[in-house]
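What follows is a set of structures for review.
In the two complexes below, chain A is the common chain; its partner is chain B in one and chain C in the other.
And then the complex of A and B:
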């Protein structure tokens, strides 16, 4: 159902620019509303013209009560859902009921799904179609593939089923807004996606159109796990952490609206109030909102002393806009209040302090005991896990005795079934034991031995040993990710991307992008890429080599594709970088993520 | 296709269409070979013709697939010569409305070079042409699969061919195709052989394991244990967990699984007794939920709430749970504190921290910071007196001051400033207390005391 919802049309976003204007004239972004129009038209075509659908239901894996003689399912290609549909069909068959069935897979169907239909004996009773819906523009500069499962399936399960989809998405963007002149990337999946995209494009004809997007940067989520695991403190990220933004819209509950109903709000650049605070550190938001409220009051006050004619003009011209602004302003003030309340209740300051200490590598023992107490008190299961992962990632693993003790206490507090969660985290390299004195080659030979071992039980162990080291300390030193402590950091006038984490940490992912763009490749970053386990590449595109045709503007438009999700904080950081360096970034992501979503995807404490 | 009568054969063989004999049951083997060659010659420039072919479906109309309409709109918007997403054909055996496949359209497609089609589609109208498509190399096959075109895996019968096919799929980095090949291998190879080969192919192995997991067939160690989550009945769940004890877990995990079993066993006993809720405490504070399947710490909290002070011998007593599950002192104190504070049993709270030294004096000691104790007490609305006692126990003067100010423990603030010899702060604080009150007088007395060596 949310797929349908996702396809709902929003008009063309008026070209609202950032609050601060750029250092240089920032180039205009391409118009992505076309993507949405395409997707919508396809779906309407499929539903109305082809199958005459008149009613939609949400797939809930429950028996279907309907008298319709044809059923159409719009689903993700998941085996579980297809099995459920097969059951529906077989039940109907047993009851002697004749119906026609159609499955529309989005964005594509998988052979494994068809194999299920075949196995269940309903292949032929059910026909299949595809809705190739790959790209949902969430805003002027954000496009989402809306594939949250990409993260777990690719990075945990090692299933490459979405590589083709990501390559296809890139191909579509390329055909509409390309040709790209440079493609940079880092990560195993990024490499595969690039290959897939290239092969898909290879058959195509030479491009003749004016390019709108010059450069592309592909990055795997597992290149940087630290950034998405940090608490977000920029407004949009905070709203996502607390209220969960879905498909670019958020539902504010009664505690925000201060009424008894919830309100759904689209959060994008069309919301003028939101657009000005979305990238701000939360500490500035209140000041800004109250200033805004004062301005609004002044505007309303103009009414006083107006004559009838002036009043008439005021009502017809200004009042509507003011009322709209008023509504938005009160919503965001309500949201901010709610954030304040929640963040003080949870001892948020202490939590942030611990995160910053971990990033800095300062007073780590104190951090360990803070985490332990957090677990002991059974406060937020996800936050405890998040801190554990941050500890492991920043310290290259936990000391064996810490690992054993914290794991045991975690299982005691939140349930022993989390054994599976721990095994997943280990496999991903997110939460591991330190391997004292073990060099990489020793580890590799050990892995080799395990892989040859025939017992199935050793399999998971073999995978987990493949998990790589994070090398965060060394990376942070080389790339200067942690600004010197003790220096005053004015969050109102950010001097670098660290402002998105209160000046404590420059996001690794964004720093890499900055460095590569600056150097026009990976030269000089060899040490860094080695610590990130390699898989970096830089390719010049445009086989035709018509450099002269390429507009200079397009060269400053950079498309960054996050494979496995990106956070709103990272988007804010890139917007900042863009303003500083005269770039415009377009973020394409498999899904918007945050620490909660990232870890929830790895939980295995439910059937 | 039913076997053709001899006279039909005669007609076909003598007719001008003889070069296009598609009946694979034709006795004249040579003719079949001939046509096979003809088909194969078309296939040679397969890829070059992609563009031409994709624009037309079998019925000669533009393909009405969704991916097609993307392309259509896209190219009308901007004249890019890009290829569109390939469409995965629906099953050939389906009587699909609107797809009027006929032999004539087949011929038409074959003769009309501008709309030349692929051999695989020959399979669509009838199955005669199977042989022709089975000549595809592993590489061609997986590429066709990726593009969603018709394919056939039946010709990959030798182990070597199967593995070639698999390796080719892996090299394409398309998980969809890799899994499709694995499903075929699963059906056509014994488990042992398949597993042996997968062991040296990590990418394929991971796809296979994931596929089995999704199909609910995977039975790796932890997945086996995970099964318990599907068992609703607590007795059966307990028995299942017991059966898991013999699985070859690592030493640590084995201990956790053992704990899980013991915990559920205890919970079942406790639940059976407490369900009736006869004791007074259950009437006063009715249970909100059953204790079954709750985490250990929740169980300990429950026990500290409802079964505090029971002798260690009883399963439901906090002491017994603490001992059985090796709960740390810190964890125990935190949990007991929470439960007793909730019940406002300040006496119990007190005795949690009391320790006697060898002279018999009691002293308060805590494995958790007293600021944390204050925090928990305050959240449970402890009276000012109780709160004050614990604020006073906070070691760090700064922390003590800030909490004392927060909870208005004036005496502690005053004493702490006195200890810090901070006269200035004391004067500032005097402004915050009620004039003429006990605190006001106390401060007045102190700042006039000439015997204290103030630092300011």
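And then the complex of A and C:
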């Protein structure tokens, strides 16, 4: 059995190589380490004004035990944190302790934070600074703003304070790697970020340089909620779903390391083993790893029959690399085993089956009973919620009867606090009730018109769930998101981006990007954008549009900015698309997300 | 060196002499400098002409000397300069002198020497001209010296405009129009600064008119606030897209206005409102409530009370909050939420009562968790009561009881339960749960009661290959037969495998 798999793996690798050699001229990615250096230098500058940093503490909202006569806080501009600092200062004051305090806000200071300092009466005791650290490169092609709160604040609470920061991040990339020749986007927030960036560019000085990034695509998370809510089955996505990758590193617990210690591992392209399996469907990963293990054994076995000289060379040249690879390999095998244990169980298979049925719109009643049982048996708070949202998004809302009964059962399982969760989900359009008379066919016939059903009285409700119809069925038909069922899908040789979901679904977000790049704009996609609530744009020429045509390579480097987060599966899909079409994608995201993080951000069950 | 200019025979000789001494460059430099110190325009010219002359003379020493001395043109200058004498010095001097001559004119009357001029810089000179209100001259000089627009022309124009707004005799309309015409799109003009000036002169209306020309809405806000046009300031701040600015205005409004007006203002500005709500959520819970009250947003008020309820430790306070929530939900016509909240109140009371009677900590659990706890400690009667009172779906209750009994390994009770009535969840769960708790013996008891469709699964779960095979063959289901075959190992009975294979081929034929 192994032999077959190994052969298949080799076949796959050859496929990859061919794809690469077919595009020998594939452009190089810009070097993003510059971003890190710039940020570090500024922080050092800020800290040098303080003297002798004695210890670094994590902000944990607990009282501070320190004898230092000055405290420096490096924080996000969150009201809660600032309030905590005010308490620290006030406690010191009450105890008659004299200290100096400095707050460094990153990436920027908000007036609301200063207002808190003022209200708490410590404004005069504290000095503030800003550390403009917008972008953290997580890998060669992933840059994160590390702003998980962006999602909830922008899309749920309608607070647009991070738009400026996103615009600033874009400006920074533009000034270092631009000018961009074309900017596409979809979504209200995307539009605002674009405008904020334009404004900032106009204010600042303009440089002429060789562009390294030609095209930019901005996309709001609420354009596509379905993709991040699906179970991930590509290796990197699975690792994130199960172990939660933080800032590009993951902590593998004892069940993976098969010792009593946890190990922190950086997951990026530097890890040779990981780099080869990260974008693979999980069913291929084991075969690959076992082949790799055997190759490694062969390399070790070379030692036999060596003379002293050869042995010396082996130890000094190869052994270290082999050991390193050995260590990584055993970690990834451990992780895969752990994933296998969790994910090959019967219930996970059934969960996946339900998800795929929902996406296809097939046997929906059975899905509803599956979800009901899932809730009744209290299997997983988040997973149940996820299935409910998927049901609502794919069916344009739940039938009134189901809506009430499923919600009631959910509350019985997890407590009444989730009334607030449901209220949030409704506001986001993630879990809604079908409007009477708005069956699927009626909806589809309405597509020609604006979808907003602005019946009298509802007009004032800006967040009306009506305006947030997902129209998934119609979208998936027009964009061919669901490959024909019945056909065999060979996951080892992916045909299209659907492989990241076992061939069941092409991610909407990535499909949109593909279509727009292909058409060089939104022409021909008018109906689609209407169903997605519009706010699409395509603008030629950044600062110096005509000049940037010169460097053709940069035209094939596409920066995709996800506002509200993106998943590792989407990144894998884009990497696949890039290989197929000769693009290189750089993903900039406000944070890496997955179904768990996305839904947890919308919970309101803690005071 | 000046002699050279005087066409004397000796000139050539002098020139040669100077050149031989290698002092030519120095001589030219001195001439240029001397011109700088000369007040008289004619003399300046004379001195400056020396340079091109000398330069030329190096190439055509004797004969061209006289002919060229007649006219000095820029072209000839460029063509033939002294091998490595930098032309900049000469050009700059010419420009400086033109500027100096212009300001030395009697109509202006600034008798500056070149040294003074260099010392004070162009900037200061422009400032002086501006103070004397000699705007056209200042602009001319800026253009002539190619001062960057931002520091030059725009600055002068701004001063001009600031002066213009003080002219009391003209109407607001006229002034605003004249200013916008003149300033046009000049770079770096800050209309808000001009408007500030107008405001300082007591012309608020004019200031507002001028602010309209300010392209950056953000710039307009501080002045509008100063002029107490806070409503306008708020909409401008929102227009700018800078939430920080919006927040500045909101805080300002909060302190300026009475609460009612403040809320009304926010109500018309959703962006500002959502920002302020964010702030209140962290800082002022009560204000948040007032905000919802003002809007008659009963749904949000209901949510607010629910949230408040689970911050309370005491049961009475909790129930009181929930009651308020029920009232609000009713007003919002959200029956579902009202009903659920009422049930929650009932549940809380029930939990409290039981907690006092039995000493089990229950308050705050969800219905499901309460049931599970009750079943786990064997309070079956109470669980039954809860099940009936709260109309818990049968399926949920059966699952709960099944898992609870299996966890306690109370197999006897489980059997009784299974026989109490027909299971709404079927009997496969019984089999699976028993197996999960490593009790195949108990599991087997339920296999016979499993529906035909699930029989194979049930047999496989207890590891009964024979039974599974029988069931599958009876149902002639190819898929099931394959599943069993895949579970067969080398130790499995050969006859069984053969039987399965045979059945599989017959099933496939059909």
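Convention: the second predicted complex is superposed on the first by the 533 of 607 C-alpha atoms of A that agree within 3 Å, B and C clash if a C-alpha of one lies under 4 Å from a C-alpha of the other, contacts with A are read in each partner's own complex, and residues count from 1 in each chain.
Note that in this section contacts are C-beta pairs under 8 Å (C-beta built on N, C-alpha and C of every residue); 3 or more make two chains touch, one makes a residue touch a chain.
Keep in mind the model is a prediction, meaning the values are calculated, not measured.
Participant: Put chain B and chain C onto chain A via the superposition and say whether they clash or fit.
Facilitator: clash
Participant: In this superposition, which partner touches a larger number of chain A residues, chain B or chain C?
Facilitator: Comparing chain B with chain C, the partner touching more chain A residues is B.
Participant: Please work out whether A:175 is in contact with chain B alone, chain C alone, both, or neither, and reply first, second, both or neither.
Facilitator: First partner only, chain B.
Participant: Scan A:160 for contacts with chain B and chain C and give back first, second, both or neither.
Facilitator: Both partners, chain B and chain C.
Participant: Touching A:378, do we find chain B (first), chain C (second), both, or neither?
Facilitator: Both partners, chain B and chain C.
Participant: Once chain A of both complexes is superposed, is A:420 in touch with chain B (first), chain C (second), both, or neither?
Facilitator: Both partners, chain B and chain C.
Participant: Applying the touch criterion given at the start, work out whether A:596 contacts chain B, chain C, both or neither, answering first, second, both or neither.
Facilitator: neither
Participant: Considering only the touch criterion stated at the top, classify A:115 as touching first (chain B), second (chain C), both, or neither.
Facilitator: both
Participant: On the A-aligned overlay, A:123 touches which partner chain: chain B = first, chain C = second, or both, or neither?
Facilitator: First partner only.
Participant: If I apply the document's touch criterion, which positions on chain A are contacted by chain B in one structure and by chain C in the other?
Facilitator: Dual-contact residues (chain A): 79-80, 110-112, 115-116, 153, 157-161, 163-164, 192, 195-196, 372-373, 376-378, 404, 407-409, 411-417, 419-420, 423, 604, 607.
Participant: Applying the document's contact rule, which stretches of chain B touch chain A when the two form their complex?
Facilitator: 47, 50-51, 64-67, 69-70, 73-74, 77-83, 85, 87-88, 90-91, 93-94, 96, 145-146, 173-180, 183, 195-196, 199-200, 202-203, 205-207, 209-211, 213-215, 219-222, 225-226, 228-230, 248, 252-253, 256-257, 259-260, 263, 295-298, 325, 327-328, 330-331, 334-335, 338, 368, 372
Participant: State the interface residues of chain C toward chain A in the complex, per the touch definition above.
Facilitator: Where chain C meets chain A, its residues are 216, 241-245, 247-248, 251, 270-271, 274-275, 277-279, 282-283, 299, 303, 306-307, 310-311, 336-337, 340-341, 344, 364-369, 390, 392-393, 395-396, 399.
Participant: If we count contacts the way the header does, which residues on chain A are in touch with chain C in the complex?
Facilitator: So the residues of chain A touching chain C come out as 79-80, 83, 110-112, 115-116, 119, 153, 157-161, 163-164, 192, 195-196, 199, 372-373, 376-378, 404, 407-409, 411-417, 419-420, 423, 462, 604, 607.
Participant: Along chain A, where are the residues that touch chain B in the complex?
Facilitator: Residue positions touching the partner: 34, 37-38, 41-43, 45-46, 50, 78-80, 108-112, 114-116, 123-124, 127-132, 153, 157-164, 168, 171-172, 174-176, 192, 195-196, 200-201, 203-209, 372-373, 376-378, 404, 407-409, 411-417, 419-420, 423, 451-452, 454-457, 459-460, 463, 604-607.
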